[in-house]
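Both complexes below contain chain A, partnered by chain B and then by chain C.
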Partner chain A sequence: MAPETLALPSLDVLRSELESIRAAGLYKEERYIHGPQGTEILVEFPAGAPPRKVLNLCANNYLGLSSHPDVIRAAHEGLDRSGYGMSSVRFICGTQDIHRELEERLSAFLGTEATLLFSSCLDANAAIFEAVLSDKDVMIADRLVHASIVDGMRLAKAMTDTYKHGDMGHLEEKLKEHADKRFRMVITDGVFSMDGDLAKLDEIVALCERHGAMVFVDDSHASGFIGKTGRGTPERFGVLGKIDVVTTTFGKALGGASGGCISGRKEIVDLCRQRARPYLFSNTLSSVIVAATLKVLDLVSASTARRDQLEWNAWYWRKLLSAAGFDIKEGESPIVPVMLYNAKLAQDVARDLFAEGIYVVGFFFPVVPKGQARIRTQLSAAHTKEQLDAAIGAFVRVGRKYDILGRTKNEIVEKYGL
Partner chain B sequence: MLTRRTLEVPLPERMELSGADRELLVATFQALVALRCEKDRRWELTQKQLEDDGWKVRWGLTWRAEAKRGEDYEEATGTTLDEALAGVAQLVRFDMAGRGP
Partner chain C sequence: MDDLRKTILDYVRREYLEEGDDRPLDATTPLITGGIVDSFSMVSLKRFLERKYDAKIPDADASPEAFNTVESIARLVMKFAPEKAKV
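Entry: the complex of A and B
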């Protein structure tokens, strides 16, 4: 019998789209890391090249816990004690005692009433708005919130509105404009990932209290190290316990694997447990991550040494870059953007730094607004002073090559364009 | 053979139709004609099926706004033109801001 002829759909359109992405210089290529995450890593780039040791200045490994021996040991013990998988969603037969324990520990750590685990903070952000808000409500978001929040807002039936980044006057206008809504939820990142600046949570909470609105904070780039004991931006701004919803990740400072949570008012969390689709229709965190995250909470609760070291490293790195004449975004977080404005310049500088043994990534449109290209450096508590001193040497050499040291934004733009 | 039939509406003296006025008039009459003449009036059957399944169905005309730039596309609906355009503007503002992991 002759084989049946299959009419497969042509993928020319998709090939063409991929070519467009390449032509625009936006094609993302993975760099293969041989071995565990750390401040010094072995990177194979381009694919097939012999791995070379570089200093990592682009990980979210803020507390240096990604490969901490105590965390790895806890993960092994969790695996031995609780098994590998549950083969079920939470509400059927997928909830273990350690899931309850982690949720209780997170509530205590974040200063909230209740917590619900998710496979990622992206899932938590995708879940919360649709589960809690209706078409009688409005979501008022800072215009620079994380992409996962934007996606979550798109899934909800509540009205979407925004306020200018960090502009409290504009936020108050919006709160007044939507006074007729059942719920007004003000939505912000705690630390904004590309600029490293902090939301003015004390002012946001005061405004929301005055207008009877709810506050939502994604503290993914803050949990574990911002605030005197690492409780995040609510602690930094003296509003612990006053945030209605906090979402955060375990994929950055808190061990760096994956996982996240919604934490906040009991009624909100309970409603998410009933309605949140990523909770209802997918499995939760494996015992390995739960056990490791419990250990991370032990470590960050027992001592502030790591977050103190991170704070010092960020201060020192900013000082080194400023003294060398780089144009950086001021701030207090361990995210330190080095502004280059021109996309090609950002790519060239990142490539030359890699050749110097420094692993950083150039960010440009559409990841950041047009004309705001930069290299985002990120500090870790595990970086040593010697490593940072060596890194600044490489930055200075590359900076001299491109004649950007001591140059203003206008001078860089004049030389390289936007 | 189809005979093209038109409806003339006398306008008050000195009244100039704007683009929005014209769009509104065209949309209104298109909606009327569609409701009366739509093939098989299938929407009535769909509505009945939904109601038989226990849904309380409400329908109505709405404004729809869309914005396209290169490959970026956003659309929003609203009970007023202002609401629809404001919805698109909010979505566009998110996309313009730039996003990083």
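Entry: the complex of A and C
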């Protein structure tokens, strides 16, 4: 019998899409890090090149806990005590005593009534809106919220609307416009990941109280260090306990592995426990991460030294960049964007800084709006003053090469285009 | 430009452009594919048109393609509220 001819689908369309990504200079290449996360890391880039030691200015390792010996020890102990995997979702046979303990500890830390763990904050954001809101409701989001929130909103039946970034007058117009809805949920990041600015949570809460609306905050870039005791943007703006829903991650300041949660009013969290699809249909959070996150909460609750150091580092780094003549986005968070506006310039500067031993990444459209390309620098409590002083030297050398020091936005755009 | 197109263009400027953003916009400027209006924000434009022209634009007709330019939006309004839109 003649062999059957297999008619495999042609992947030409996908090849052509990949080609167009490359042609646009947007193809992402991974850099291989040899060893644990830290302020100084060994990076193999491009693939196959000998690893070189570079100063890391692009990790979300805000408190320097990703490779902290106490956290690693707690993870080992958790592994020994609670095992590796649970081979189950939470509601079948995947909930351990330490999951309950972490949920209770997070509620106390975040100033909320209840908490539900997820495998990531992306999962938490994918879960919340669909589980709680219906077609009788509206979600009113700041226009710069994180992509995972946008995806979560897409899954919900509620109407979507947006307000101009940080524009409280526009938000109030929207609250009035949607007064006919059952629930109006105002949705914002606590700290915006690309600009590093903070949502004006005191004003948002006041507006929502006046109009009877709910407040949702993704505090992933704040939990553990924003606010005097690191409880996040609600603490910073004096509205702890007044946020209906907080989502956050353990993948940044709180240990840096993965995992996240929905935390907030009891009824909302309970409904997520009944309906949230990433909770119902995905495995429980690994006990190793649970045990390590409990240790992280011990560390951040025992002392504010790390978040205080981070605050100083961010202030110092901003001062160095400004004094050198870089165009930075002002703010108070440890996310410090160096504005370059032109996508190619952002990539060239990042490449040259890598050659100088500084690891940063250029961001451009579609990650940030067109004409807003930048280098996003991120501080850690583990950075030393000496490291930052060395880094600014490299930045100045590269800045001089491209003649961008002391230049205004218009001058940079005139020279390099948008 | 007639009143209908001017009304839509004014709303787009007010609602979607940041203060100080004075980029040129006309009836054929791509709004959604041009990154000026995203699909989430489109809802406020649809609600504005429905109120202003006392029309009900079915969700199936309110596609991103139909909302991509002031010109295509104007055609949509003319289809669902021809009398009001002429006023």
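Basically, the second predicted complex is superposed on the first by the 415 of 418 C-alpha atoms of A that agree within 3 Å, B and C clash if a C-alpha of one lies under 4 Å from a C-alpha of the other, contacts with A are read in each partner's own complex, and residues count from 1 in each chain.
Convention: a contact is a pair of C-beta atoms (placed from the backbone, for glycine too) under 8 Å apart; a residue touches a chain by one contact, two chains touch by 3 or more.
All figures in this text were calculated on a predicted structure; none of them were measured in a lab.
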Combined model on chain A where chain B meets chain C, clash or fit: clash
Touching partner for A:Val367 - first (chain B), second (chain C), both, neither: first
Which partner reaches more residues of chain A (counting touched residues only), chain B or chain C: B
Touching partner for A:Lys174 - first (chain B), second (chain C), both, neither: second
Chain B versus chain C as contact partner of A:Asp161, first or second or both or neither: both
Touching partner for A:Asn283 - first (chain B), second (chain C), both, neither: neither
Chain B versus chain C as contact partner of A:Val150, first or second or both or neither: both
Clashing chain B stretch [against chain C; choices 2-10, 38-46 or 74-82]: 74-82
Those residues of chain A which chain B touches in one complex and chain C touches in the other: 141, 143, 150, 160-162, 165, 365, 369
Residue ranges of chain A touching chain B (in the complex, touch as defined): 141, 143-147, 150, 154, 160-162, 165, 193-194, 363, 365-369, 372, 376
List of chain A residues in touch with chain C within their complex: 141, 143, 150, 153, 159-162, 164-165, 174, 177, 365, 369-370
Residues on chain B engaged by chain A in the complex (per definition of touch): 87, 90-91, 93-94, 96-101
Chain C to chain A touching residues, read off their complex: 18, 35, 38, 40-41, 43-44, 47
